[in-house]
Amino acid sequence: MKAYRTTIAAVAALGLALAAAGCGDDGDSGDGKKITIGIKFDQPGIGLKTPSGSYTGFDVDVATYIANELGHKSGDIVWKEAKSADRETLLQRGDVDFIAASYSITPTRSEKVDFAGPYLLAHQDVLIRADDNSITKPEDLNSKKLCSVTGSTSAQNVKTRIAPDAQLQEYGGYSECLTGLENNAVDALTTDDSILAGYAAQSQFEGKFKLAGFKMSNENYGIGVPKGSELKAKINAALQKMVADGTWNQYVQKNFGPANYKNEPAPQIGVIVS
Amino acid sequence: MTSESVLYDTPGPRAKRRNRLYTALFLVALAGVLWWVFRSLADKNQLEWAKWRPFFTDAGAWNTFLLPGLRNTLKAASLAIVIALPLGALFGVARLSEHRAVRGAAGTVVEFFRAIPVLILMLFANAAYAEFTDVSPDDRPLYAVVTGLVLYNGSVLAEIVRAGIQALPAGQTDAAKAIGMRKNQVMRFVLLPQSVTAMLPAIVSQLVVIVKDTALGGALLGFSELLASVRPMSANYGANTIASFTVVTVIFVAVNFTLTTFANWLEARLRRGKRSTGAVLGADTVEELATPGEHVTHEDLGGPGDLPKR
Amino acid sequence: MFDFLEGYDLLGAFWTTVRLTVLSAVGALIWGTVLAAMRVSPVPLMRGFGTTYVNVVRNIPLTVIIVFTSLGLFQTLGVTLGARDFTTINFRLAVLGLTVYTAAFVCEALRSGINTVPVGQMEAARAIGLTFPQALGYIVLPQAFRSVVAPLANVLIALTKNTTVAAAIGVAEAAALMRVMIENEAQLILISAVFAFGFICLTLPAGLFLGWVSKKVSVKR
């Protein structure tokens, strides 16, 4: 009987663990039409999930503006993480209504999805330590230690075209690289300047890092929508209004300002800088 | 040798002095290492209160990152054990089948999955779900992690089940047959229920292995479990890598230590139990069962069984 | 049929797996033996340290340890283990992580081996005047090692499978290559079969061989 009771106890404990694991999802607030938007969750300045559970960043601000223009209240937005590799799939499957996640317009991607915008012109750049004067031109990256995220094209760009002797370490996220950069384990972190500016703009990093200012590529950020979606025209109209009424400028200042980021002027809708 | 203390006599005066010397030397060495760790951390500003504060004063760090991560870890682990248990029971019983073909097939499957790293299974499952099914990208990491864990741990549990059944005294089968039960009745009503009890400590220990392996999904499949919460936390709290890792590690150790303690308590309790057969599959047998080609012998089981005492 | 292998260094990747395994095994055997000696030593502080080490390390996921060596030790604290390029640094960090983790299991295997040595052996050793280190080194451990070949073999095979975790910090071993190939090539099933086969080749013969050795050397009592 004792053994039997022990069995019951064990099964009950397992069940408890299961129950605790099961009841995770909390309901959404808001009452109007829901809209699901894909953003980055781990890029400060672009799209970041904060400890309070809210989201901040340039993409988040732009996406909220668009959603409001489309007739959705801010409370009716459902944010969904759009990791770089998943973006086309999310749109094709209809898991999100649109994506604003540092999403560069490229010919390959345009075959699978449509883009509204562009709404920001970014460039590939490197982030270096503020006191590092040894990197003044892209070729200086030779013999330097470079950090980027797994599967990122920007790192491969540098290695194949600009600085073949650079060493490359890849991590799952940019924040890992930042730790190394701060502690001299790596010398430069490369990706789009807007993303880098977002990191450098964080209060805890103020004065520690600087953008080198190499314009190694042009990245036209667009709003990804499913192929053939009628949202494209509506979003373009919203973007035009956002630039015209000064909100765009305000968002740029708010999110990238502290990093001393020299932003490009607001791009013209449908004009891709290559 | 039953207890470690028989390795040495009660220390005399010289031994006591020597032990004190060793203690002092070891203390110095330990303090040296701790000092180095402390210095390095301080040098790299990792001891700043700002990097640790979020975990003590900010409920957001727990509610937004750590607890959802832990919930996913436990969810994947519980799903894996719940699915793997019946599968393991099926294959474990199949390996005891009287039909050679059944025995052989089950044996091949079990040995195959025990020989392959669980990460390889997870990577395969992840790609397979992406290619052959329309599981949403959100759920895919969870599916892949659970699938990998089920394939691997199901085969380990099959061995646990088989060993658990074999640990029962043969008298149980004889008695059941004597009252006219058929083979599958013997299995269903006599052997399996009793062996479940004997297997419990080993199953709980296997749960520790499962919880630990969920972290693979966080590092390599984009599954947002506990370890994966380090990234958003260090993005939010100023690259507090060391602090984030420390907190995550402490949570993992706490969860697994609780499970291990529970397994040991179960084992001790079952071994004391008078009315059961006394056969127990100890928590320590789990590692052996994870090895392809390795089987638990009667001697490992510790139950009275029918074998003569060593 | 196996065209997809072209351009990938499959043997090189498995060779890295083997090197990781062998180096970590040597490291874990040494460190694990030291830990086991501590766990049975007459000095309470050392016993406490050994016990704590084993209980803590066994409960930490290996993935956490490996990722920590890269992000914590290397990126944050600047530990490079004497190497200068990323490839070597990552490899050595992986060996360090695997050693730290596996040593806890080696320690437990050895301790259970020490417990199988009859009390009389130690008593006899003391009776002829051997000190504790001598008795442990000449009498107990040699017998213990022989009876732990089987448990140690289990640890070694688990270690072989565990080296795949090094993919998490960019060591180019088998699992890392599998990840790249799955991304770039279409033959998912074939690719997976190749890697599964590779690991079976590594783990199954080792298991059978060491099982045979353990029967051969075990102390008959």
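Residue numbering begins at 1 within each chain, and the chains themselves are lettered A, B and C in the order written.
Note that contacts are C-beta pairs under 8 Å (C-beta built on N, C-alpha and C of every residue); 3 or more make two chains touch, one makes a residue touch a chain.
Here the structure is a predicted model, which means the values were calculated and not measured.
If touching chains are joined by edges, the resulting network of the protein chains shown connects every chain directly with every other. Highest inter-chain contact count (C-beta pairs) belongs to B-C. Located most centrally within the structure is B, per distance between chain CA means and the overall CA mean. Inter-chain spacing, taken between the CA centroids of subunit A and subunit C, is 39 Å. Between subunit B and subunit C, the centres computed from C-alpha atoms are 17 Å apart. If you average the Cα atoms of subunit A and of subunit B, the two centres end up 37 Å apart. Multi-chain contact residues of subunit C (touching two or more other chains) are listed as 71, 75-78. For subunit B, residues touching at least two other chains, in rising order: 44, 219, 239, 241.
Counting partner chains per residue, subunit A has residues 176, 179, 183 touching two or more of them.
Within the complex formed with subunit B, the subunit A residues making contact are 1-4, 6-7, 10, 13-14, 17-18, 20-22, 24, 41-44, 48-53, 80-81, 83, 86, 89-90, 93, 95, 172-176, 178-179, 182-183, 202-205.
Note for the complex: subunit B touches subunit C at residues 1-2, 4, 6-9, 11, 15, 19, 22-23, 26-27, 30, 40-41, 44, 46, 111-112, 115-120, 123-124, 127-128, 131, 208, 211-216, 218-220, 227, 230, 239, 241-242, 245, 248-249, 252-253, 256-257, 260, 284, 287-288, 290-294. Here subunit C touches subunit B in the complex through residues 39-46, 49, 55-56, 58-64, 66-68, 71-72, 75-78, 105, 108, 112, 114-119, 122-123, 126, 132, 135-136, 140, 150-151, 153-155, 157-158, 161-162, 164-165, 167-168, 174-175, 178-179, 182, 188, 192, 195-196, 199-200, 203-204, 207-208, 211, going by the rule given at the top. Residue ranges of subunit A in contact with subunit C, taken from their complex: 145, 151, 167-171, 176, 179-180, 183-186. Across the interface of their complex, subunit A is touched by residues 71, 74-78, 80, 85-86, 90, 170, 183 of subunit C.
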